[in-house]
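Okay, so chain A shows up in both of these, paired with chain B first and chain C after.
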Partner chain A sequence: METQLVLEKWPGSISVVTIGAKTAEGGSRSQTVQIGGQTALPLMFKEGVMPNRPKIAFEIWDIAPVDFEQELMTAYGRAINDPFTWAQVCVDEFKADLICLKMQGTHPDFGDRSPQEAAKFVSKFLNQIKVPLIITGSGDNAKDNLVLPACSEAAKGERCLIGSAVQDNYKTLVASVLADGHSIIAESPIDINIAKQLNILISDMGLSLERIVIDPTIGALGYGLEYAYSIMERARLAALSGDKTLACPFICFVGQEAWRVKEAKADGRQGIAWETLTATSLIQSGADILVMRHPKAAENVLWYTDGLFRGQ
Partner chain B sequence: MALSGLDIYKLLPKTNCRQCGLATCLAFAMQLAKKALPIEKCPFVSAEAKDILEAQALPPIKPVILGTNEFRFELGNETVMFRHEEKFRNPTGVGFIIDDSLTDDEIILRLEKINQLKFERVGQLLAVNLVALKQNADGARFLQAAAILLKHTALPLMLISNDPAVLKQAAYLLKDRKPLLYSANRQNLKSLGELAKELDLPLVVSGQNIDQVSQLTQELNACGVKDLILDTGIKPLADKIWDLTQIRRQALKKLNRSLGYPVLAIVDQADPYQEAMEAAAYISKYAGIVLIKGLEAWEALSILTLRQNIYTDPQKPLQIDPKLYAIGTVNPSSPVLVTTNFSLSYYTVLGEVESSKVPAYILSVDTQGMSVLTAWAAEKFNAEAITKALTVSGVKETVGHKNLVIPGYVAMISGDLEDQSGFKIVVGPKEAAGLPAFLKNLH
Partner chain C sequence: MQKYKVTFFPDNLTVEVEKDKTILTAAISAGVYINSGCAGEGICGRCKVILKSGQVNTRSCGMISAQEKKDNVYLACLTTIHSDLEVLIPENSRLNFDKLTPEELEERLAGLYSKVEDVQIIRGTSEDQAFDDSGFIRKIYLELPAPTINDSISDLERLYRGLRGAGDFGVIETGLFNIRQLGELLRDYDWKVTVTLGKRDDSVEILLIEPQDTANKNFGLCFDIGTTTITGQLIDLNAKKILGTKATYNQQAVFGSDVITRILYSAKADGLEKLHLAVTDTINQITKELITEQKVDLNDVYGIVCSGNTTMIHLLLSMDPSHIRKHPYVPTANFLPALRASEAGIQVNPRGLLNCVPGVSSYVGGDTTAGVLSSRLYQEKDPCILIDIGTNGEIVLGSKDFLVACAASAGPAFEGSGVSSGMRASSGAIQKVSINKDDFSVDYTTIQNKPARGICGSGYIDLLSAMLAAGIIDKSGRIKAEGKRIRQTDNGKEFVVCFKEDLQSSADIVINEADIDNLKRSKAAIYSAVSILTRHLDLGFFEISKIFIAGGFGTYLDIDNAVNIGLLPDLPRSKFIFIGNSSLAGSRQILLSAQAKAMADQLAAKITYFELSVDPAYMEEYGQALFFPHTDLTKFPTVRF
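What follows is the complex of A and B.
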């Protein structure tokens, strides 16, 4: 007797966010990247469409990295000392879909570059590196409020993804992103209610929900991974059930979390495995963009998504 | 799907005889649905109705125990699709396939490595669970290799062979260890079913798809073979995840007994990263057992850590005893660091204090398993709570100074805490990783 399958049909879907604009669209990117658009739970290919596979964004800094593990420094070699060469290697050798540019050099403790310098840097970067761009601040709220608007303006029309907006500091960034035609990263501290609330606040300012990507805040494997994993599953269930305020794609900052932990620092291969499994596990709970550091870990994750999406 | 009170009512005599102590059969049915009364209270219930109700009370995914000694483990007995709904109960058994075509020495070397794959993380012991021997050579070699397993590992065992006669001999050889047999299929169903029954062994049921497996389990069940584990074969990752998800849904949402068993997933990847990714995918998505080949410690640790994460009870974060811990050869002038009793916080601090080689005390405050910032926000890691912990834990009697190091993230409580506790507060680093440098410069 044939087993009658239990099939789930969902009324909702995840919104599609496009990153990057080509010349015809007013930008200068060589390609655009789309994420989201799912109409079923992660990897349930038989129950809906998954038009866009998860994408890997390589994390690049605007300065030579200060606290990277030796394993990471070795993986990139001398290229890592110059952001432009570093990014070019990621594009040419490691086939990066996206670059995530972290403006670490604007942080008061890491060089304190001015917003004008940051804007100049972004312009030059866009000139030299042609893949779609994610731009993030240095994590210093006060400084980011000055730096990110300048970067946003310098990248006007390039349809970047810029972050991060947080619950008590989102207005400045939303206004810039809105004016310059970008999308925004909305960061919430492993809390589905705050994620929802922040999305509502941002869309109330006129930036549509279709231009928001959620950063649920993740922990690395062994360091709270399961909290983000479950928050993402819950948010997806709500979104597919019809809650539009949670129906945004997810971005997960995998590299920075994975390489902070003891197990990753202890052994090169273990570090790569740590970053790899952190990423693949979050893909299972719905990650759309994985911001990664180690090229071998990125290669692993690419193998994983290629296998999953083969024939889809 | 559980039966409702009305469903149960239809199975009762409907005579309202009151022998059960309730006024009507309907009232009794409602109590049965709530599992508040046993069906035995009704003297007139039919045997058929009783069977249905008793079957109803069984867990939707049958618990199966593998092994006999202190390494035995239970799988199955899961109740939810998503861990946030309740929790995942029985962590996926991680096992290793060993080919009998290896030499004796190679097999022994592998077993020794497997026996040593144990790690302590966040106060829990992470260990592997199973060794599976696979027949590649002739039957005599399989039996020789089985004898090596018997002698060189105490872990639960599994036997993989396509030859029922060889499998039977090996099963008899290992029978006291209750090996898991792999596997019953359409061709050998009868002989393997009998063998499993004879020796009371758990049995894997293999088919290419859910329908085939479901058909086989029904036939085996009819013959009285009860401890089954399902296998839908090696297939592409997305298809395998679909099978695992569908089987779990069949068991939980439709109470489909023919698929209400734990599921086995075999990973067939030579590259250790790829093997780890696939094993991790099956652990997250419902596998009862995952079999791999790679023996590297880093690979095993990453897989077992993922299992630890996924199988942590979301309602009950891992906690430690809230008290004062002495790290290294402490003396009354050693520094005191305060943190929460969330295992992850404590063990992260512990690791850094140990690596700093500076003897110190760690005071773990009872925050009910919340991390530093969460506990601070919930007022379980504020001046009052820490002051109380300082008193209860006996810090004042243990050390000869009144200095306390607090996590950098709660620097804002310094003033209050200093007033209430009478201790001089030193604000430590935000991240535990900063502790070694901090401790070395403390004096």
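What follows is the complex of A and C.
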């Protein structure tokens, strides 16, 4: 007798977020990227649909990176010293779907570029690089509150994903993103309640839940990955059960976490493995965007994703 | 009756007392406190005084040495007054603070004398009609027939016979102290005496036999000993009438704001003693102010009933509380017999009794039992909830068929402590607030309409709800608006409720983001405990027929606003009944009724304790409630901001 699998039927679904706008939509992107839309837990193809594969965004800085491991520097060669070339390499050679532009150069300790300079940089970047764009601040709240609105305005109409809003500092960014037609990254410290609260606070300001992507904060393999994994899983279970305030896609900053661990610092090949394994684990807990650093790790993840989705 | 003047030195205080009263009694009436560890039985020998002039009668007791006899040393409790007297109280006999260093004094009495305040309480409509029997303390005036050759039973039997003729008292017991003086007393006063009876568990004790009819002077005290606030009432036990209510902060707060910190402190050198003194000092001070204001003699106060959480009762009685916080969380005692109040350091008549309302467990104490008693939750047909919003919040869910209780450590914010402009619900406390949405101007009323001095719990509930509605704070409690009332400070932003210029006071009344965080944690602890307990019993909120809200909120609590901020579940408002300080009300009932005491014993045995910390869902639920009103908005369908 054939075994009958018990299949879950979920009332909720994850919202679909589109990043990038083509000319017809008021932007200048060559393509758009959609994430989310799942109606079941990750990869449970028999229970529901997973219309959009997890996407890889290549992490690019607006300045030459200062503390990257040698392995990363070697992977990009001289291109890494110029953000435009660096991004172009990612698009042309490594087939990046998305670029995640980190405005590190605006940080008071890393160049302290002004908001006007940042805006000018973003305009130029959008002119040269045509894939959809994610823009993140330097992590200095006060400075980000000046820089990100300027970047947002410079990218008006391009439907970027901009981050990060945190519980203590979300109003300025939400107002800009709302005005300029982008989507927002809502960052919470491995805490499902704060993730939820922040989403409510943001939607209270008028930015719809369909324009929020959750950054649950992740740890690399061996450095808290399982915490992030379980928080993401719980959020997904709640969302699929009908909780709209958690029904947003996830963005996971894999590269920065994986390359921080001592194993990666000790041996570059280990770093690649670390980044690969962290990313592939998170795909299984529902990651929609993986922000990655090493092209070889990104290639591994793409290969792995192809395998996962082959039978769909 | 002949009266004499007794002057006490070094205080140089004079009091007029009747002949045959003891020097100890005179001292108590004068407000001069003399050590009396044995409650005036002549056993401990700690109440030695030196007679400077005057005539006295005394009894030998073996406590006074030959040399002391020469020096005119007497035991105050065994020495009666037969003329005007001058009495010196030596250092060793004094029960006062002179022996303390200035630092110790400051620690023990920090702010004590200025802080006792009148409080207004609301009273449940039916609470005092629940029991109609006589209470803890009774005074019976007897005119006994003098013995004859045909009626020659002994004096003591004669007294018992007289008492049995006056009522059914069951087993009567008394101490040697009373029997020794009986023969002389009865004959001196023509067989007319007043007997004060104190109810112990299965018997009554003759506390005191006094000459002539003093039955009309019969007073008692009831206290709610909260972690943060201590409230006391003086009751005329004959008229069953409340004469006054006063409250102050529990002075133990200097040793830690929550019970666990205080338990830890009690293990330090002298820690238990300090905590014990802090609470008895506070009780004695409240008592002193109550009797002074009502012109009641402390000798006429014979009984006191205290309700408090288990730790508070341990500290009151100086019992080691350390096992309350250690697995498996066992207290020294939940059910305590009636005790001599003076043994616990409480100053009433030295022979007066102390009853503590029985507790349920280490973390659900007699205050909860008293709350169940006074709310009459135990008589309800359908499940009801009692929520006591205090530093140690307690929740009881049940009906006449079952009672389950849990404790939620909510912190003192709703009692006005630990928040920058917080105060108790006493005169001048802002208790009702509304805010104009356009210009953020604040409209408020204070208790007794006195100039505003601070904000009490109900004021904070209104204020938070109004700030949410006006868009001054977001749902996480951060101040998001701007305007002349909003300022940046070291504690984050603050909102000015009243400017000092408008108050003619030295400080603005404000609420800052740290205050809001404190209040948010308090309300989350209460709500999540209610939610978990209900779920644990497989009940839905909709199945709850009544919700009794208790707490030191003064006379007012806006249920709508309490729901808006997520303190109380979103249920039809008609289900909520605000009952004020239910712990105090319960202790008052026990003071006034022996049946109420018996019921409290039954309830404490019947209530099942549910430990929240073993339920993994509690932290989850608590985290979700750290938001206004809640992260799961479907739980608050009527709340709209």
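The rule is simple: the second predicted complex is superposed on the first by the 311 of 312 C-alpha atoms of A that agree within 3 Å, B and C clash if a C-alpha of one lies under 4 Å from a C-alpha of the other, contacts with A are read in each partner's own complex, and residues count from 1 in each chain.
We adopt the following convention: contacts are C-beta pairs under 8 Å (C-beta built on N, C-alpha and C of every residue); 3 or more make two chains touch, one makes a residue touch a chain.
What you see is a predicted model, and the numbers here were worked out from it, not measured in a lab.
Asks: Please determine, from the superposition on chain A, whether chain B and chain C clash or fit.
Replies: With chain A as the common anchor, chain B and chain C both fit in the superposed model.
Asks: After superposition on the shared chain, which partner residues are touched by A:Thr245: those of chain B (first), chain C (second), both, or neither?
Replies: Touch status of A:Thr245: second partner only.
Asks: Per the contact definition in the header, classify A:Lys196: touching chain B only (first), chain C only (second), both, or neither.
Replies: Touch status of A:Lys196: second partner only.
Asks: I want to verify the contact counts: of chain B and chain C, which reaches more residues of chain A?
Replies: Counting residues of chain A touched by each partner, the higher count goes to B.
Asks: Have a look at where A:Gln167 lands relative to chain B and chain C in the superposition and call it first, second, both or neither.
Replies: second
Asks: Between chain B (first) and chain C (second), which, if any, makes contact with A:Ser230: first, second, both or neither?
Replies: Touch status of A:Ser230: first partner only.
Asks: With chain A at the apex, figure out the C-alpha centre angle toward chain B and chain C and round it to a multiple of 10 degrees.
Replies: So the angle at the centre of chain A is 70 degrees.
Asks: Minimum C-alpha distance between chain B and chain C after superposition, to be given in whole Å.
Replies: It is 9 Å, taken between the nearest C-alpha atoms.
Asks: Could you list which residues of chain A make contact with chain B in one structure and with chain C in the other?
Replies: On chain A, the chain B and chain C contacts do not overlap at all.
Asks: Could you pull out which chain A residues touch chain C in their complex?
Replies: 167-168, 171, 191-193, 196-197, 200-201, 204, 243, 245
Asks: Which chain C residues qualify as touching chain A in the complex?
Replies: On the chain C side, the touching residues are 474-476, 478, 480, 623-624, 626-627, 631-633, 641.
Asks: List the residues on chain A that touch chain B in their complex, please.
Replies: Per the touch definition, chain A meets chain B at residues 1-6, 43-46, 221-226, 229-230, 233-234, 237, 260, 262-263, 267, 269-270, 272-274, 276-277, 280-281, 284-285, 296, 300, 303-304, 307-312.
Asks: Within their complex, state which residues of chain B touch chain A.
Replies: Of all residues in chain B, those touching chain A are 82-84, 121-122, 210-211, 214-215, 236-238, 241-242, 245-246, 249-250, 253-254, 256, 258-259, 272-274, 276-277, 280-281, 284-285, 296, 298-299, 301-303, 305-306, 308-310, 312, 314, 344, 348, 351, 431, 433.
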